[in-house]
Amino acid sequence: MQNSHFFVTGDPMIYGADVSIALVSVAIIFYLTYFKKWGWLWREWITTVDHKKIGIMYLISALLMLFRGGVDAILMRIQLAVPNSHFLASEHYNEIFTTHGTIMILFMAMPFMFALFNIVVPLQIGARDVAYPFLNSVSFWLFFLGAMLFNISFVVGGSPNAGWLSYPPLSENDFSPGPGQNFWIWGIQISGIGSLMTGINFVVTILKMRTPTMRLRDMPLFSWSVLSSSIAILGVFPILTVTLVMLTIDRLLGGHFFTMTAGGNPMMWVNLIWMWGHPEVYIVVLPAFGVYSEVVATFSRKRIFGYSSMVFSMIAISVVSYYTWVHHFFTMGAGANVNIVFAICTMIIAIPTGVKVFNWLFTMYRGRIRITQPMLWVMAFVPCFLVGGATGVMLAAAPADYQYHNSYFLIAHFHQVLIGGVVFGYIAGMYYWFPKIFGFKLNERLGKWGFWLWQIGFYVCFMPQYALGFMGMTRRIYTYNDSMGWDMGWAPLNYISTIGAFLMGIGFIFQVWQILYSIKHGERDVTGDIWDGRTLEWSIPSPAPAYNFAILPVVKGRDAWWYQKEEMQKGNVHKEAVKYEPIHMPNNTGIPFIMSVFWFIAGFGFTFEWMWMGIAGLIGVALTLFARSFQYNTDHYIPVEEIEKTEKARKNYGSVHRTAN
Amino acid sequence: MVYLNSTFYYHDSRNSIPLYFVKGDLTLRKWIQTAKLSFLALLGMALLSGCDKSNFIVLNPKGPVGQQELDLIIISVILCAIIILPVLGIFVYIVIRYRDKPGNKAPYQPEWADSKILEVIWWGIPIIIVAILGVYTAKTTINLTKPPVKDVKPIVVQVTSLDWKWMFTYPDKKIATVNYAEIPAGVPVQFILTSDAPMNSFWVPQLGGQEYTMPGMAMGLWLQADKIGEYFGSGANFTGKGFAHMQFRVKSVTQDDFNQWAAGIKKNSPALTDKGYKQLSKPGLEKELSFSSYPKGLYEDIVNKNGGTYYDHMSHMGDMGSQSSMSSMKMEDKK
Amino acid sequence: MSNHEHTANMKAYTTGFALSIILTIIPIILVLNHLLSKTALVVSILLAAVLQFVVQLFFFMHIRDGEGPRYNVMALILGIIFVVTIVAGAIWIMSFNSQVQ
Amino acid sequence: MQQSISAHVSDHTQGHEDQEGIKLLGFWIFLVTDCLLFATFFAAYAVLHTHTNGGFTASEFNVPNFIIETFILLISSFTSGIAVLNMHKGNKKGLTQWLIVTAVLGAVFVGLEVKEFMDMAAEGATLSQSAFLTSFFSLVGAHGLHVSFGIFWMIGILVQLSRRGITPVTKRKISMVSLYWHFLDAVWIFIFSVVYLMGVM
């Protein structure tokens, strides 16, 4: 491969990005070296197996990727704002929507979700860590290096441009030669393996690591949502892995799974990728449902309404979501019977989802609603998701879908459920648990600016797109009014939509500002229970100590901490002398990071079809696995003195239970 | 053709309608200027265009297929609204009534968290609504697999999506067109779709919903125009660089005009040869073209070479006329 | 699972082994001698495979071992449902009749 | 204060012994996901097995070869079971020997499979020949890679066993590898039935 092909050239924006990436890298390296922070970085972060720190790293990565995906979105909207625009060339536009979709789902939503998993679940179930701390670290680094591999396609080799699900034969060698498509495959493959491991990890964590007195039926709903989401991950991520392997076999070894020639069948890809792809959206939305349940109960000062049907509906969603995938290709010729069955399955999944909305509403009913930042996002979610869900049911009606499919109606629908359902939920979760993990609250005023800009921006951006769908505008076109003499009247609505995108972008800037501002000025959480919470994570100090719980909590029912506080107020608490025991904790380890670097090397090698490098990377992976297998000294005990010291330093906290009115 | 910034590998130089890909001289600054100036004007226009019903082509069908789909859309909107609107109302009411503010006298029952009656209601209502919508959906789905009217003899139009153009072949008339199709009004048309390039989707919103064009598959789509007119069609599934330009025209004319048009093409247009098709199927754009004939079995060859031989659908690829395509439908029913 | 009772003993392994050998030989004989009609043959091959899978589960993998909630059994059942969905779903959908709406 | 009202719960549930049980459950769940991995390959094979592009068809498989392969794998599944029995009896020597036997049988199996693939390739039936062959080599090859991985894993465990003897950790590892081995045998049953037997039928 020639040098001029290795580096992406040709566009001033790309050169600009090259320069800024180089500058930022130099700045980071300088900072780390000058302040002698390399050791700190290695000891405290890269080798950590602490679920809270891993959660923080997921959160930071997710926000970075939200930025990158958002910039892509803005570029697309600029291009479409006016007809016949030449801001972006066709291929550049294609690359941008491909990376936008891929990044937002796989490298933004997934890590954001895993951030919440990691930060919240062990604290909520009274555990000191996840079931497999080592594996947890492997998962993170696989995700992170997979995401980096995908992202460097921007500057080396060229970005993928066949759409976020890369339908063959377009994504096959014949139509998309070169490393761009391979970046897509390997970036997703590597991080997808990490996601699968996280799924296993959290299923076992929730089943086996709960504090012994917590029964499953008393478990907080967020943890239930994580369980159902993780079960869905286990059910579908293997399919993604294999489907990507198949495309790799086609591209790298000359196979014919999905080619047009030699009997390959592109429809098979569409079938398999949506077997993963549809449950995937439920995977990301279920934890958001969990967040809503926690936030609504806390800020209505009321028990969650209909706990059992909430649990049942989540499990139902995670299983039924497995039977809806064909609604993504009703128009592909699978026949009327297939379409009818999958249309009805798709509609059925709306039932448990709708039930959840009712239950949230009736949790607020006869409660006392405090409109805090997390609650604001939940309240924005309800109407947004209702409409998004309704358009989803409209799309499920197969023959109507023939008219919506691949049009801007579809685009508007899935942004409405993915932003209104998923992103709002994750942001609510971030605001809600931020004090727990960092020890301070995020500034309300800046947050409100961010909130309203997001809200207005969202409706301004996406409502016109429903209309554009009815006007016959199809997705993924980089320009319009340009050919065959058609002017379909799409221009004004597109212009408005672009304004909305900018508003959301400004909203995001406010949120970044809010975080930076609050690091210094945010309200400190001294009680550990800043929201007057109901579940166990609020019973420990903020930020949580490394071992989470000095003594494993006793749970007598749902909302354990809430009732414990009530008991405390009534004075029914028998004070006993505290007697700590040494706590068993896993050791830090560099192996996950090193192994993931080898994966990165392998992925990079296969991307450029340098087999020697790919195989060398895989051998490295095998060697690190082998090395780990021989590590026996993988844990340590925190001595009692140290626990006493830590707990003493925090003795001053103690929550005051504030009853309503 | 001047493809701009072929960063990498695309170095093909076909010569058709180069203008589309030539970078204009609009700089970003100029663009912002234009944007500023047109901001208010456009906002106004948008509001106006919102009232202009004719732009909403999906909601303004010109044939029975599109009409049935519109009916289903309306039914689904109504059924969804039955749930959405009351829920939104309840939501607003609850948020206002139960806000935590001093002196709020609304009841506060922090322990009230169960009600069998309420749960039955909101599991029940959605189930009923889904059942109703499910029935309509199933009915329409089955209806659309049949010709829209029974008493008129249908015609067959074979559609092949290419990079980045549409080819229409008429097995009855043995003529071919590119990027436009003419059909007789009031006659059911069975479009039989395939692709000799990455899959696309054939969509003429005012006649009815879309269907993918898949390499190696020949799939039928019934459409019909009730009146004469010209309808916008486009490719709806992304196929790469020239995808945005894959728009075409479907013109519905009276049966007589249709026959005349076909005869005119037969007489005046050049023939599509094997070589010509090879050239046509290369990546690139094309304007509207007409051909007086095409190589025998062209469509079948396209389907078969992309994997069609592995499926049993030779019988209704259309070359034996609409009659055989009808009989093959019956075969399908038996399956 | 150090503290759980084990169903593993030599007798169980030998029985399982014998059963799986038999269940392997039966379909081989059926196929090589063309003993049945096509459909019957397919059914009996699949039946033998499923039975053998069950044998592996019970005699070799000791699915009955363990106490408390049987998470492993639940996982397996869910897994089997998903496996059937993937394979049967793909076959059903991909046997398209190419005559569509 | 939180601590003062919490009863003292024994720490043992998160202690060392049960860690091994938790790991075994995780591994079991991993095996279930591995099932789905094979199911996806099976789905592709089921859809594409007639797409032979005019070349090698499923009726041309080498019958004696795959029957021998099947029996070797069956026997190795049995021997790995005997190894576990020896482990429970605390018989390190027997355990080691039977593990070695299992690994060797696995290696013979892989060798036979490689030979089969080479023979087919020599006839021109390569992976890039047709969709059928792509799906065949992927499905069977994926299983072969799993077996090869299992062999290396067993070697690693054998080394640890010789160094540390039968401990809770090595016990858990041996239980895992044996579970894995039975699982691969179960997958092979379906490959044998669906791919080979139905192919030559």
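A, B, C and D are the chain letters, set down in written order, and residue numbers restart from 1 in every chain.
To be clear about the criterion, contacts are C-beta pairs under 8 Å (C-beta built on N, C-alpha and C of every residue); 3 or more make two chains touch, one makes a residue touch a chain.
If you're wondering where the values come from, they're calculated on a predicted model, not measured in any experiment.
Each chain gets a centre from the mean of its Cα atoms; the one farthest from the centre of chain C is B. Each chain gets a centre from its C-alpha atoms; the one nearest the centre of all protein C-alpha atoms is A.
More contacting C-beta pairs link the chains of C-D than the other of the two pairs C-D and A-C.
One inter-chain figure worth recording: chain C and chain D are separated by 15 Å, centre to centre, where each centre is the mean of the chain's CA atoms. Here the spacing of chain B and chain C, counted between their Cα centres, is 44 Å. Centroids of chain A and chain C (each the mean of its C-alpha atoms) stand 36 Å apart. Here the CA centre of chain B is 47 Å from the CA centre of chain D. Residue numbers of chain C whose C-beta contacts span two or more other chains: 71, 75, 78, 82, 86, 89-90, 94, 96-101. For chain B, the set of residues touching two or more other chains reads 141, 144-145, 209, 211, 217, 219, 307, 310. Within chain D, the positions touching two or more other chains are listed as 25, 29, 32-33, 36, 40, 43-44, 47, 51. Put simply, chain B touches chain D in their complex at residues 307, 310. Within the complex, the chain D residues that touch chain A are 1-9, 11, 13-16, 22-23, 25-26, 29-30, 32-34, 36-37, 40-41, 43-44, 47-48, 51-53, 127-135, 138, 152, 156-157, 159-160, 164, 169, 173.
Residue ranges of chain A in contact with chain C, taken from their complex: 207, 231, 234-235, 239, 265, 267-268, 271-272, 275, 322-323, 325-326, 331-336, 338-339, 398-399, 402. By the touch criterion given at the top, residues 1-3, 6, 8-10, 13, 16-17, 20-21, 24, 27-28, 31-32, 34, 38, 41-42, 45-46, 48-49, 52-53, 56-57, 60-61, 71-72, 75-76, 78-80, 82-83, 86-87, 89-91, 94 of chain C touch chain D in their complex. Looking at the complex, you find that chain B touches chain A at residues 3-10, 17, 20-21, 23-24, 26, 28, 31, 34-35, 38-39, 42-43, 45-46, 49-50, 52, 55-59, 66, 68-70, 72-73, 76-77, 79-81, 83-84, 87-88, 90-91, 94-95, 98-100, 102, 104, 106-115, 118-119, 122-123, 126-127, 130, 133-134, 136-138, 140-145, 179, 197-199, 201, 203, 205, 208-212, 214-217, 219, 232, 234-245, 247-249, 285, 288, 305-307, 310.
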